[in-house]
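Look at the two complexes coming up: subunit A is in both, with subunit B in one and subunit C in the other.
Right, the complex of A and B next:
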């Protein structure tokens, strides 16, 4: 029975896929808590759409897709971080999404025979991750997590009391930029695994689940990281099992996202039940 | 010892829109000033200008003998409790420890001494037993006291408070008044915006009346006169029988 959970990973490509999703799960969980604290879930959407033209251009020029995504992501993040101080940030995000995505479509539509790569880009191709890409993800993950750990207290203060952190003399634009760049790096790293459409789930879902379970930020990050890694592992197991033994052809990236969502729903339902069970006791307790 | 705050014909603007002009006054260490004026008069703008967060278009602000930007670590700002998200997952103690962050420095965790200082500050506002609770579950007045405790933990020389008595309970008012009294005796200067004239009389030595420009700046008994309040608030200042003035806002 337990073999089910380990058998798929005797294959080299499945082992690499597992390593990739575990790193991404941990990274997404930690970053996701900051994203939720700052109510930046929509920014994650922005980045996932803005890296699209970067990848498309890099592909057209036969350059590294990661480099293309990074350049586009950096441009978008800089425009957002500085622009949000002057114009309404929601409007700015919508503008960035549509403009960058349109740019990507223009680049893509100039080429023919692009279909399969475009599908890979939109929905991910976790099973063909190679050593080199795995190393990229690891470097991005380590750099991002170290940044977040070192700047933890300043970033939490900035999220909790933006004006207060400015009043204390912190370089707030630099702190905002760090969070935005880390979100961008995480999206860029995760795009290969789950595609531009689903990447937001890696960041937001484990953190949202952890928020239901924890009252403090540090435990929340640890739980979100564990849930992200666990969801990635289970998702791979389910998609492998379904595709190999049952002929369901489950796309692995999308299956991981569904497993993460199932985890969220399970925890939310469990909490709702726990609250109901606790309530009658509270009613009986002396006032 | 240099004054805690020097305002010299200060004018501030958001973009091209002038918000405030002609503010002049000196606040010595240990002195409390009430910043009085109707909503939109520029009270918050003046506080932000003292913090160096709003650029001044003319005049000069000197804070603790230096520029507002350079003085920030020694200035504590106490926001209104409602300005902060009650859902945010931080404990009461963690909020108070935030006051120590500048002193702790980058990349380091709060030490035992920092936490002890935070607990002492919480004890002073009567909330020591709530240290482990989530900040958001406290009442508005209690949250206001936590933010004051954060400023106490910061050990600042100048304290800026934004409407600390608006919508709070009597316990909180008493607690805030007691803490401010102790800090002033220790030489801390205080600037607070308020609508509450009785609190201004109780807690402050001086008052600064503004409504886009400065109407008066001086000892409370000279500044809070019916005539000057009328000049500041217009029709909203009502003169009662017996000479008391109330603000209808």
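Right, the complex of A and C next:
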């Protein structure tokens, strides 16, 4: 029975895929709690779409996808910062999402037979991760988590009491920038594995699930990281089982995201039941 | 240029032009209401939400329009139910639901043979293969949506600018909201054959934002947005024929180019001080 959960990973490419999703799961979980605290879910969505043309151009020129994504992310953030002075920021985000994405589509479509390339860029190719990419992800993961841990106290203060943290003399712009840059790095690291449109699930879903389970921030981060890694592992097992033994052709990135979503829905349902069960007692209490 | 001349002789290409102009104009008008009510995030959300519905409908062989709209309504309900949980903010709940339902759509499509082509057709559209039935659907839905929005324009604008004033006058705020949301969803599903789910966001927001740079009045903004939407359809299809690039992507990119050009032109106009349509007191400040 338990063999099911370990058998796929005797294959070299499955082991690399597992290492990649575990690193991404932990990183996404920790970053996700900050995204949740700062209500940056929409920004994450924006970044994941705006890095797409960078990846597409790097792909067309045979350059490093990571470098392409970074350049596009930086250009988007600069445009956003200047554009927000003249246009409603929400609308500007929608504009950046759609036009950057369109640029990526146009670049990819210059190649013949582009549909399968487009699909790979959009939904990732986690099973073809190589040693080098794994190393990139590990470096990004360690740098981001260390940054967040070192600045933990300041970042949490900034999230809960922006004015207080400013009054205490913390460089608030620098702190905001740290969070935004870490979100961008995480998106860039995860894009190759799960593709541009599903990255947001790695960051937001485990953190939202953890938020339903814990109240304190440090346990929330640990739970989110564990859920992210666990969801990645289970998702890989399910897609391997379905594809090899049942012929269902389950795309691995999408399966992982669905496992994470199922976890969230289970916890939300469990919590709703728990609240319902507890409520009658609470109603009695004042009497 | 020769490619363009050749293309213009093909009836398929001319039909695609007609569809792109119609979709662009309708989406431009609806977009003004989107921007007025600050609904761009909802549009992004619906673009992800309708995708699994369309994918499932295509797998089952039923109407894409029906599938996309029905699934969109399911997602709206899921967001409302989960959003009632006060531990989470709306954007996070929307993020979770969207990524999950998007992954579901990917799985449904990828489970079928020859999936890459279908998948990209839903996501970025395939305007050169629109059928006469698609064009008829666009005309009918477009006329219906524009008719309702035009008929209720006074109430909708009042509700967007002064919610409490509108409810004091006896208008039900949520009914007006629901009408705009349904109009947005219908327009988006109609635009799928032309530009796909992801790029419909461009047509539903960017022409309206561009109009906002030029004019301050709602009526004028609607006219300019419809014009910019239709113009983007034409420019995008021309670019697609000349450089052989994806038509859906080119149309969406054309809206971005219109916005950038307008930004540059109106910025220099502001600097010369002839007119200051600043942020205050504007259509969609």
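To be clear about the criterion, the second predicted complex is superposed on the first by the 271 of 287 C-alpha atoms of A that agree within 3 Å, B and C clash if a C-alpha of one lies under 4 Å from a C-alpha of the other, contacts with A are read in each partner's own complex, and residues count from 1 in each chain.
Just so we're on the same page, a residue touches a chain if its C-beta (ideal position, glycine included) is under 8 Å from a C-beta of that chain, and two chains touch if they have at least 3 such contacts.
The structure displayed is predicted, hence computed values, not measured ones.
Touch criterion met: A:271 reaches subunit C, while subunit B stays clear of it. Once chain A of one complex is fitted onto chain A of the other, the partner contacts of A:255 are limited to subunit C, with no touch recorded for subunit B. By the document's definition of touching, of the two partners only subunit B reaches A:168; subunit C does not. In the superposed pair of complexes, A:3 makes contact with neither subunit B nor subunit C. Of the two partner chains placed by superposition, A:12 touches none, neither subunit B nor subunit C. In the superposed three-chain model, the partner touching more residues of subunit A is C, compared with the other of subunit B and subunit C. Touch criterion met: A:216 reaches subunit B, while subunit C stays clear of it. In the superposition on chain A, subunit A positions 211 are in contact with subunit B in one complex as well as with subunit C in the other.
Subunit B makes touch with subunit A in their complex at residues 51, 53, 69, 72-73, 75, 77, 79, 83-85, 88-91, 95, 98, 101-102, 104, 106-107, 109-110, 134, 154, 160.
Every residue of subunit A that touches subunit B in the complex is listed here, in rising order: 37, 150-151, 153-154, 156-157, 159-161, 163-164, 166-169, 211, 214-217, 220.
For subunit A in complex with subunit C, the touching residues are 35-36, 39, 41-42, 44-45, 86-88, 90-95, 97-99, 101-106, 108-110, 114-116, 118-119, 122-123, 197-198, 200-201, 204-205, 207-208, 211-212, 248-251, 253-255, 257-258, 260-261, 264-265, 268, 271-272. Residues 35, 38, 40-41, 43-44, 48, 82, 85, 87-89, 91-96, 98-100, 102-104, 106-107, 110-111, 115-117, 119-120, 123-124, 198-199, 201-202, 205-206, 208-209, 212-213, 243-246, 248-253, 255-256, 259, 263, 279, 284-285 of subunit C are the ones that touch subunit A when the two sit in their complex.
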